[in-house]
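Below is the structure I would like to discuss, written out as structure tokens.
When the chains are written out, they are named A, B, C, D and E in that same order, and each has its own residue count from 1.
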Amino acid sequence: MLIAALGLPLLGGVLVSMQSQSPNTRDICSLVTAVLLFLLVLGFYPSVLAGNNPTLVLAEPIAGLGLKLTVEPLGLLFATVASGLWILTTIYGVGYMRGNSESNQTRFFFCFAISIAAAIGIAFAGNLLTLFVFYEMLTLATYPLVTHKGNADARRGGRTYLGILLVTSIGFFLFATLWTYAITGTLDFREGGILSGHVGPGTAMILLTMFAFGTGKAALMPFHRWLPAAMVAPTPVSALLHAVAVVKAGVFTILKISVYIFGVDFIAETGAGTIVMWAAAFTLTAASFVALTKDNLKARLAYSTVGQLSYVIVGAMLANAAGIIGATMQIAMHAMGKITLFFCAGAIYVATHKTEISQLDGLGHKMPFTFAAFFIGSLSIIGLPPMGGAWSKWFLLMGSADAGQWVLIGLLLLSSLLNIAYLLPIVGRGFFRPLPADDAAHASANTIQEAPLNCVVPLCVTATGCVALFAFGGAIYDYLLLLFPKT
Amino acid sequence: MIEQLPAIVLLLPLLAAPICSMIHNGDYAWYLAAASCWLAAAAAVGLMAQVWGGHTISYHMGGWPPPWGIELVIDELSALVVILVTVFAALVISALRESLRPKMRKHRHSLYYAAYLLCVASLIGITVTGDAFNVFVFLEISSLSTYALIARGRDRRALIASFRYLVMGTIGATFILISIGFMYMVTGTLNMADLAERLPALSDNRVVQASFAFFTVGVALKVAIFPLHLWLPNAYAYAPKATTAFLAATATKVSLYVLIRFLFDVYGLEFSFQQMRIDLLLIPLSIAGILIASLTAIFQTDAKKLLAWSSVGQLGYMVLGVALLNTAGLTAAIAHMFNHAMIKAGLFLALAAMIYRVSSSRLDDLAGIGRQMPLTMAAFTVLGLGLIGVPLTAGFVSKWYLISGALDKGWVPLAAMLIGSSLMALIYIGKIIDVAYFKPCKPEHAEVREISPTILIPCWVFALMSIYFGIDTRLTAGVAGRVAESLLGISS
Amino acid sequence: MALLLDIVSWITLMIGSFFCITAGVGLLRMPDVYTRAHAGGMIDSMGAGMIFFGLLLQAPDYLIAIKLVFTFFFLLVTSLASIHALAQTVNVAGVNPKLANIVNRLEKNRQKESPPSN
Amino acid sequence: MFTALFNYWVVIVLMMAGLYIVMASGHLVKKIIGLNIFQTSVFILFISMGKVAGGTAPILKDGISVFSNPLPHVLILTAIVVGVATTALGLAIAVRIYEEYGTVEEDDIAEMDNHDQDLDIAEYQRIESGK
Amino acid sequence: MINMVLLMLLLASVYAIIRLDRLLTAVLLTSLFSVLVASIFMVLDAVDVAFTEAAVGAGVSTIFFLAALAIVGRQCKPTPRRKIIAPLIVVSATGCVLLYASLDMPRFGEPLAPVHQHVAPRYLNDSAAEVGPPNIVTSVLASYRGYDTFGEVGVVFTAFIGVLMLLGAGTRRTSIEPPTPTGAPKESMRKKVVLKEVADLVIAPVLIFALYVQWHGDFGPGGGFQAGVIFASGIFLYALIYGIEPAQRLLPPRRLAYFPAIGLLLYAAVGIISMLRGGNFLNYSVLVNDPLHGQHYGILAIELGVGITVAAVMINIFFSFSERSL
């Protein structure tokens, strides 16, 4: 079963790369693989709910330390999010690619499939080594996607992307992994963590900081440069980067390490997470301020993602049940919300080739569905009740209250206000502003209308998804309680 | 037949050499050379099968028992090194035919193959022999054939590089001869196992200490440990194209094997490390070697020089692994011997293919080669990632053991330095990949097209092997682990 | 009889070594190359000759005696021939002997062939 | 005491003289002469190891019982021919260097090499690709 | 006492070599150095080694040096002042280590030294019974450590391949006179009448002596190496006197290039036959049913192999050098 989960996307990738001649069969086959994967991942739920974690050792590169895959609740949730959104992104991708008639699409879908395989690998990693292996695979697989256009700035963006991610991962992450291996002799993810008792508070703090900054994909402030630089990529790639795979993998890694390597109670008693928490808090606010200044739509969304990711890290570092649950929910909610926003940005680009926010006046009338979805997505990101985002923000605030971090609560509320400040004006500009003069002339010729159908449909699905998550909030909460069998 | 295997694995290339020199037609000579190398590789695998799990074979040459006659001793470490030498020699020779064709007259080809086979045979001879003086004799054959191979370089600077290598190599070999003489003077025997029994008793004897000093300096010259490495960059940079692949992969590794064999087996762990404190000398030298070599590699403008300097750096890793004196460190050294040989052979082969087409090894002449020779460059990139130590490649496994070895000893700054140096590797490999893929191609190289399969297949075999041995490490890290434990005297 | 042989060989060995020493001094003191070549020649012919003769008397059996004679013959022929070659090459190169004022014979016929232009 | 180790001390001085010639001389052939002397002095060390006071050459002859040790002789027989092989190859390379560079002085060659670096390599290549 | 005098002479000649800038005299002094070393070996009872050292050290390597100098020229620049200090320091450091080591060395000529206790006694006592020839050095060289000599022939063969690759096989038809030292105008052969007569007188005995040394290696000093080298020096004498051209007609280099390979293969063939007959590589006792005869034949065969290889290699290298000295 587990082999199928990892093998399927790889097989899909290979199949895709084979039919480079007939685009239709290629798109269908990648779609089918996406759906099959999603069903497969759902198949794991009964066994995980029953409490046993199926494990599988792929190979033994290093004596006593194999490439191990285990399915545990946290990983399963991330896998569901990733595989679910992969389906939507593939549909959207096909529409986008056809719409813009992009070049070498086969390579695009091939790398797409490989990165999803890597994301699944990260989700089900059994020990830190497997996590690191798939983390590197994800970096290398997404590199061709980022430099898809192949022009000068795409290459420059690609170089910063690869440079920062490889340097941080080899420089800090590998070093911290080896250090833990040297101290504890094992790297397996285990309930309650493996470090408690082996290491003092000082080294624990250094280790956790290295892990946090080592995961470049979590975009903590000094190492966030790659995310805006990766905006040169086409929108489905940015969607993949920001919502489905890359950044989510980053924060998920930090979450998994803090829960299964350090152990929640160990972080709480040694206070190892303080540096990382305040770094995340700083990233949170700074990113929101920078997002305000950005006129380019995708740049603004990128900085908003940097901010939202730090919510997850803050939740992880609070080291109490509410914080962790809030962080995990934030992963799901933000994924759903942010992918909607990116789909809208893509749809606007496909329909009107406009990328700057100032050009979006009055498009709301012309593209009602896109802007409505954008509105719902923004609400979910901001965290207002009818959308799923509310739950995660709620639990994060509850977590900070339990941990007695009043300053943190203030910062969280401030950043929510800032979210409102940089998201809602876009919606306002779309609906309430009249079309500018020259566009009005075109309007009669009816050139501006909704993006092609298979761009708009995924939009609406993800928008309804945000609302659905709000309803299923309780179900997710009970599921996450599995993480803490003892409490 | 089976118990004659140690002699057969040596005789195949050694006898193929004179026959090759007699055949005037270049192609037949190549067929014979390739056949003998592949047969020797098969015999080596047979040897490893016999020795798997820690047994040793002793083969009495000429039928005389050891201290009087010469014996061949094969344990897992020597079987691994023999496999390394024979398999990579076979792979490189199958690529050798293409790159030699235009440059030399027919007759010179067969001489070239003869020298190549002699080098392969003598490297096997060094690894397999259990007699100290025999090591000197075969070391001399391998050095002489290496000087001849390097002097065949296209560029006139190859000659001066080969001459300098000859002078330093001969001084090194004579130092080894002096140390063997001293050892013989105080123990009366030349057989390594016999020496191992008698030397510890004489550990405070000045002659033994002097022989230890001379031996280390002599072999350090051959292994190109930091201060004595000056001959290596020029020798590898100007040697004929495909020969560097073979030399880089095996020559220095076998000398490192001799160093390990003598430090641990003949002089014994207590004498060489506790009493003579050789690790206090080796560790700073290897660290300096790694840093300076990697730094110089970054600033090189010539691709082959860059890879040659990176070889010096990687050798520093192996020596550091040996000097760490714990199981993880020694496993790293032995595993890295195999992994680095494989990766460096592939890199030099791919580079040779590109230089063969572009006829210059300067970096800005290789601009845009990624698009013209996609498959070769792809193999180069995979191997380059292996050199950096990206997971799922062989380089990662040995880096992992080395750094965990350093951490086991509690030297965190050393581990940090190792990580830093692998980042330096990232920079200089990235430099080549960046030039190859992202720079526009030069006008006069517009019509460059892919290399012929005879070179492409070995390149890709090396690339796939570097991935395979990143996953299934029973042969490399498994054997290295067992050997490390037996060398350090930890009964597992 | 044995005593007589010993005395005679002792004498010949002394004479032989005397010759060697004088020839050695000659090698150093002689003015030009020809005379030094003569001194060198004398070592092998007279010095070595007398020593070999002395040894011959001491030889225990025939085999060694024959070997001694054979070595002496070989030594004599080769070394004197090489000194001849040395002297001739020097002469061909046009070095005039210092002591005697005879003009070099080759010099003469060279002048004969090319009529004196001056 | 003096006569006991005299042999070895002289051999050590000879070795160091040979090494000095190799390092100090700039002329390639002189270096090879130095190498030759260095190796030959090591051979004397080996042979003087094998000498037994009052022993004769290790050729069995009835009536003689004390022999010198034959093993160093065998080793040195091999080592002498190794020395000649290295000298022959070294001289061959020196001759080839003379033909290519026109000189056998180490520092002239080094300065020519640096000049090669500045020489426009592209032009050098054109000759190469023209061949 | 004698070897002390000889060693002092050695020191004097080495000092002269260091100081000399005229390479021709330096080469001749190296040849003198080898002769002195050969005589020291004689005094130290190493007869075989003295034989080889004289033939190889004084004979062949001097010829190679002279051939190289003929091409490269005879003058070398004196080493400037600043280049003397560094080598001096390194050399004196190594020298001190060696002197430090010499303090514990067993006394010169000490019968109880460990060297004579462990491995050597068996060679001295049992070699007559086990291997046969009275000359123990030949029996150890060919039988006990036959593999070493096999490696040795490999070294010679490698040098041959190396020189052949670098300088070509000396096949270019060049009728050139041997280089007259002063480069004087070419004299007709008439001038060489004395040398020709002496050469005719001497070359034949030299070649016969080489064959004698080849087959006599078991009983007296001698063996493959020495025989090969003496044979080669005979041919050199012929070539120097009569010119390279007739010598190359006598032994055409293209066919001569096969002989080193044949010698090495002969040596290996003996080893392989012993493998096929059940013994290990180079175990001569299994060659014939009676072990002692087997050893005898084995030694004769490999000595012949060694002789052929060494002679052919030396002559070929000489032809390669001479072809280059235009």
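Quick note on the criterion: contacts are C-beta pairs under 8 Å (C-beta built on N, C-alpha and C of every residue); 3 or more make two chains touch, one makes a residue touch a chain.
Remember, it's a predicted structure, so these values are computed and weren't measured experimentally.
Undergrad: Moving step by step between touching chains, how few steps can get you from chain C to chain D?
TA: 2
Undergrad: Quick one: which chains contact chain B and chain D both?
TA: The common neighbours are E.
Undergrad: Taking each chain's centre as the mean of its CA atoms, which one is most distant from chain C?
TA: A
Undergrad: Of all the chains, which has the CA centre nearest the overall CA centre?
TA: Measuring from the global C-alpha mean, the nearest chain centre belongs to B.
Undergrad: Of all chains present, which has the mean Cα position farthest from that of chain D?
TA: Between chain D and every other chain, the largest centroid distance is to A.
Undergrad: Any idea whether D-E or B-E has more C-beta pairs in contact?
TA: Most contacts of the two pairs: D-E.
Undergrad: With centres defined as the mean C-alpha position, give me the chain A-chain C separation in Å.
TA: 102
Undergrad: Counting only Cα atoms for the centres, state how far chain A is from chain D in Å.
TA: So the centre of chain A lies 69 Å away from the centre of chain D.
Undergrad: So what's the Cα centroid distance for chain B and chain C, whole Å?
TA: 58
Undergrad: Approximately how many whole Å separate the CA-defined centres of chain C and chain E?
TA: 29
Undergrad: Two-or-more-chain contact residues of chain A, please, as numbers and ranges.
TA: Answer for chain A, listing residues that touch two or more other chains: there are none.
Undergrad: Going by the contact rule already set, what residues in chain D reach two or more other chains?
TA: 15, 19, 28, 49, 71-72, 75, 78, 82, 85-86, 89, 93-94, 96 - these are the residues of chain D that touch more than one other chain.
Undergrad: What pairs of chains are touching here?
TA: Here the touching pairs of chains are A-B, B-D, B-E, C-E, D-E.
Undergrad: Which chain E residues qualify as touching chain C in the complex?
TA: 180-182, 184, 187, 191, 194-195, 198, 201-202, 205
Undergrad: Under the definition above, what is the set of chain B residues touching chain A in their complex?
TA: These residues of chain B touch chain A: 385, 388-392, 396-397, 400-401, 403-404, 407-408, 412, 415-416, 419-420, 422-423, 426, 434, 438, 470-474, 477-478, 481.
Undergrad: What residues on chain D touch chain B, complex-wise?
TA: 15, 19, 22, 28, 31, 35, 38-39, 42, 45-46, 49, 71-72, 75, 78-79, 82, 85-86, 89-90, 93-94, 96-97, 100-101, 109, 113, 116, 121-122, 124-125, 128-129
Undergrad: For the complex, which residues does chain B have touching chain E?
TA: Touching chain E from chain B are residues 4, 7, 11, 14-15, 17-19, 21-22, 59-64, 67-70, 108, 111-112, 114-115, 118, 121-122, 125, 131, 133-134, 137-138, 140-141, 144-145, 147-148, 151-152, 182, 184-190, 194, 205-207, 209-211, 213-214.
Undergrad: What part of chain A is in contact with chain B in the complex they form?
TA: The touching residues are 59-63, 67, 129, 132-133, 136-137, 140, 155, 159, 166-167, 170-171, 174-175, 178-179, 181-182.
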